[in-house]
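Input: a single structure, listed below in structure tokens.
Letters A, B and C mark the chains in the order given here, with residues in each chain numbered from 1 onward.
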């Protein structure tokens, strides 16, 4: 059986895409979602195996199923706590996050949330520091400490990913030990057009970094499910405290994302006005252009 | 019908939709607008997207003078929609060409009118006299505008003075593609109702009705309610009809592209020494003893956006060119105000302004240039002004005041009568601290007191006579202020310029090597070779003609760069400074 | 001290935080992992509220559920000035109850659409949106005529009441359910007025309004009872 995919962008079609957190999927039960405008079902077996397939009438959502025995499956894998699949021809490996394997880390899905915006707009917001004092007031930033200091961005040809380093931003109450604010260090990676990984100074271990990632599942060009993965050093807090914090942050970004216009990311350099603080966003837009991505963006006129 | 609609004026809001400090969300022919009234009454109709990242400005904050985007705090000025501040880069002045798209607006018949590409004016309606009108509640309808206009033909209503009947005689007085005038007559009472239908999108409209009934009619509320009820019923019928038809494709507005310079970073430098603007001295007054105030209004159009700390070149009737700081607060964008001190021993610039320029005279001025940008990320800002040095600092203080950021303005002057712009000073409240009649020794002691207690992220801005600035800079350095936290502007360079050296200057980007002989400046030689260079004061005070040094050792003679910058040797003021090495390579 | 069983992204919990903030009351929060943890359906929570719904408060041993009921209780018990729920004014109390019920209607429509779009609740989102638009048309008309009569708030008093608090959250969050407020200018103006009530605080998804006058108001700042985990410091 051949199915013509709705998404005609081969770059996006041939990627791995996240569907759901394994921890939130009842074992042996058919679950439904939408990926690239198509209904997709998935299931998790009691041994942790995952399966995904184009939804069909004989396996409705909620029915019991043995994940291993489903015919005509899509490629699938379990990685970083999520079920991943592809509607095209994805490479064998997903991008690496080596820290995920470190045994003393807390790994959890902060939430999966629907946002009425394109995936690239959400990535660009994830890379942005300048909005901290305005959108995450008194948490990730506070006026008048609004400056985005010079940082470095490179597109790693070898790993085919964007890397922004030496990023610093003033955070109020930056350490548990004092009430003073201080600069916090960040490193951003964009290893996948719709996924980004952030590393941030850990307050409990000055040699290691907390990892926060956003994996965007494109339901269509202007709607995503955002999966927020945390992989942090924290022995004290309950899961729900950690999740609540990240949901608060994301909930603050959401109305900004949903008020961006147009919803798809314009790749024409003259569509919007970049400033030096937007170096990583400029690199991201160029990278998407070079890859020839057309899904979720407004390509620059040739 | 919609294809010609772009050239017409349409109502987009009622006047009462724009109360104090609100941003109205409007839409016309698919294009969204952020509509806001500034405290000075001006109605701004802007494209509803921040130029930075496309966020709707209708969710932004109207602070009475500027509109602030919620995403990154970019501020856009009343009238011009020019960006005045980018908080992510607090030490830079934004490229002044970052200007949001604006649309013309007119208030008429109790409505706010706008147009995309207007030909002609707002429709003239016979029988609707300004001042005795009653604007009805706007009724949004999920239906195409033409259907709404068509169905309005069947609208029945009673004259305002005979509300209780139901048999008024209705006649159509006038009709056009987007409006309909109906006349109701019952006994001796008659009322004209004009309905303008705003095409919001291909399948959405707003019915905006206006009656020729006095706004203070005793039955005003009953009239408004009666029409609201009848129009709501009509809406139901129209929407039922529209729902049965195929939904039209929504209109997609085209967004203008930003200029190519703005698409790349960094922004280009300022223009050469030109005076492209023509302004009229609309008002001249005594701003203080010995200081004349001038309010300069544009001859036509809008003045360019300015930022606090900016100055303009004024080209005087006698051919001299002088720099004056703009003293306006944020959002005061309909004119520039400057203060000119009378200097009896000057070369004639101040005398020309004081004696020759009269109210009504036209002057040529440059676009505003900001070489004294104000950071707004300080935990506290100190302003220290001496005499006429108050002018840039008063603009800065008003900007911080408007944003409720912490600052103090210390103003040293000979006497109370010499405190300039008292009306503006008054708005600053206790943040203004005047110091009157102090001797140089007393001034130094006071500066020592003010500059004690430096904390991280404090900034001080100094402007005044040379000796006072020298003293203040020395005291600040002693008190532990890092050079990067001490910002200053001299209004003239009193150093004696030594132009006796000769050297070679290579322009790296222009691929030119030039000889600078004794008695000539780098700026003159470079210009003569056909390379455009901006400049303003041409005495090493304002910073406009700055160039980057790639190689060689500059011989600094300016008062613009601070000591660390001079030691670094990477910047040079080409109007006065020269070279210690035989060859200087500049990034020009 | 009052304890609020709270979920940050819940508009119903926000109602309680708003009133507590405007009354200037100290309180403590117990976070409930509503999503994705469904902790409001857990045994311990069902013992507090068998309906399995947020918010719930506990005040010195007294447990109360239902956002509107909690607003009535808090205003009756703690509002010294007696303006939020004026117990000596029967007509006003009647009006308030009428609009509290209306607020439930907004929750049933606008909040439902938001739960569908953001948290993937399986329900008829188009019907929820259509229902919200019907209610918003009524509210906009009510507020527009209120302005014409010189009234700023939902009820006929010269000051805000708990009816304003009860209606505000799911109106201001409606765009997260795909319900634009562009056609409701009087609602948009009323939202600005609510944001300028002293003690107002934002939640995720709600932006502050600018200052109305020249004074710096404390309420434009984000004030949070959020417990920040150590790894975010």
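Just so it is clear, contacts are C-beta pairs under 8 Å (C-beta built on N, C-alpha and C of every residue); 3 or more make two chains touch, one makes a residue touch a chain.
If you're wondering where the values come from, they're calculated on a predicted model, not measured in any experiment.
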{"item": "Centre-most chain [mean C-alpha coordinates]", "value": "B"}
{"item": "Contact-richer chain pair [A-B vs B-C]", "value": "A-B"}
{"item": "Chain A and chain C: spacing of chain centres that average the CA atoms, whole Å", "value": "31"}
{"item": "Whole-Å gap separating chain A and chain B, where each centre is the average of the chain's CA atoms", "value": "39"}
{"item": "Chain B-chain C separation of Cα centroids, rounded to whole Å", "value": "37"}
{"item": "Chain A, residues touching no fewer than two other chains", "value": "255, 259"}
{"item": "Multi-partner residues of chain B (each touching 2 or more other chains)", "value": "59, 70"}
{"item": "Set of chain C residues in contact with two or more other chains", "value": "207"}
{"item": "Contacting residues of chain A [partner chain B, same complex]", "value": "124, 130-131, 133-135, 143-148, 255-256, 259-262, 266, 268-277, 279, 282"}
{"item": "Residues of chain B defined as touching chain C within the complex", "value": "13, 16-17, 19-22, 24-25, 27, 59, 61-63, 68, 70, 137-138, 140, 206, 220-221, 224-225, 228, 232, 404"}
{"item": "Touching residues on chain C, where the partner in the complex is chain A", "value": "7-9, 31-33, 35-37, 39, 117-120, 175-176, 178, 203-207, 221-224, 226-233"}
{"item": "Complex interface listing, chain A residues touching chain C", "value": "21, 24, 109, 111-116, 137-139, 171, 173-176, 202-204, 210, 225, 232-234, 236-237, 239-245, 247-252, 254-255, 258-259"}
{"item": "Chain C residues within the chain B interface of the complex", "value": "141, 144-145, 147-149, 181-183, 185, 188-189, 192, 207-212, 216"}
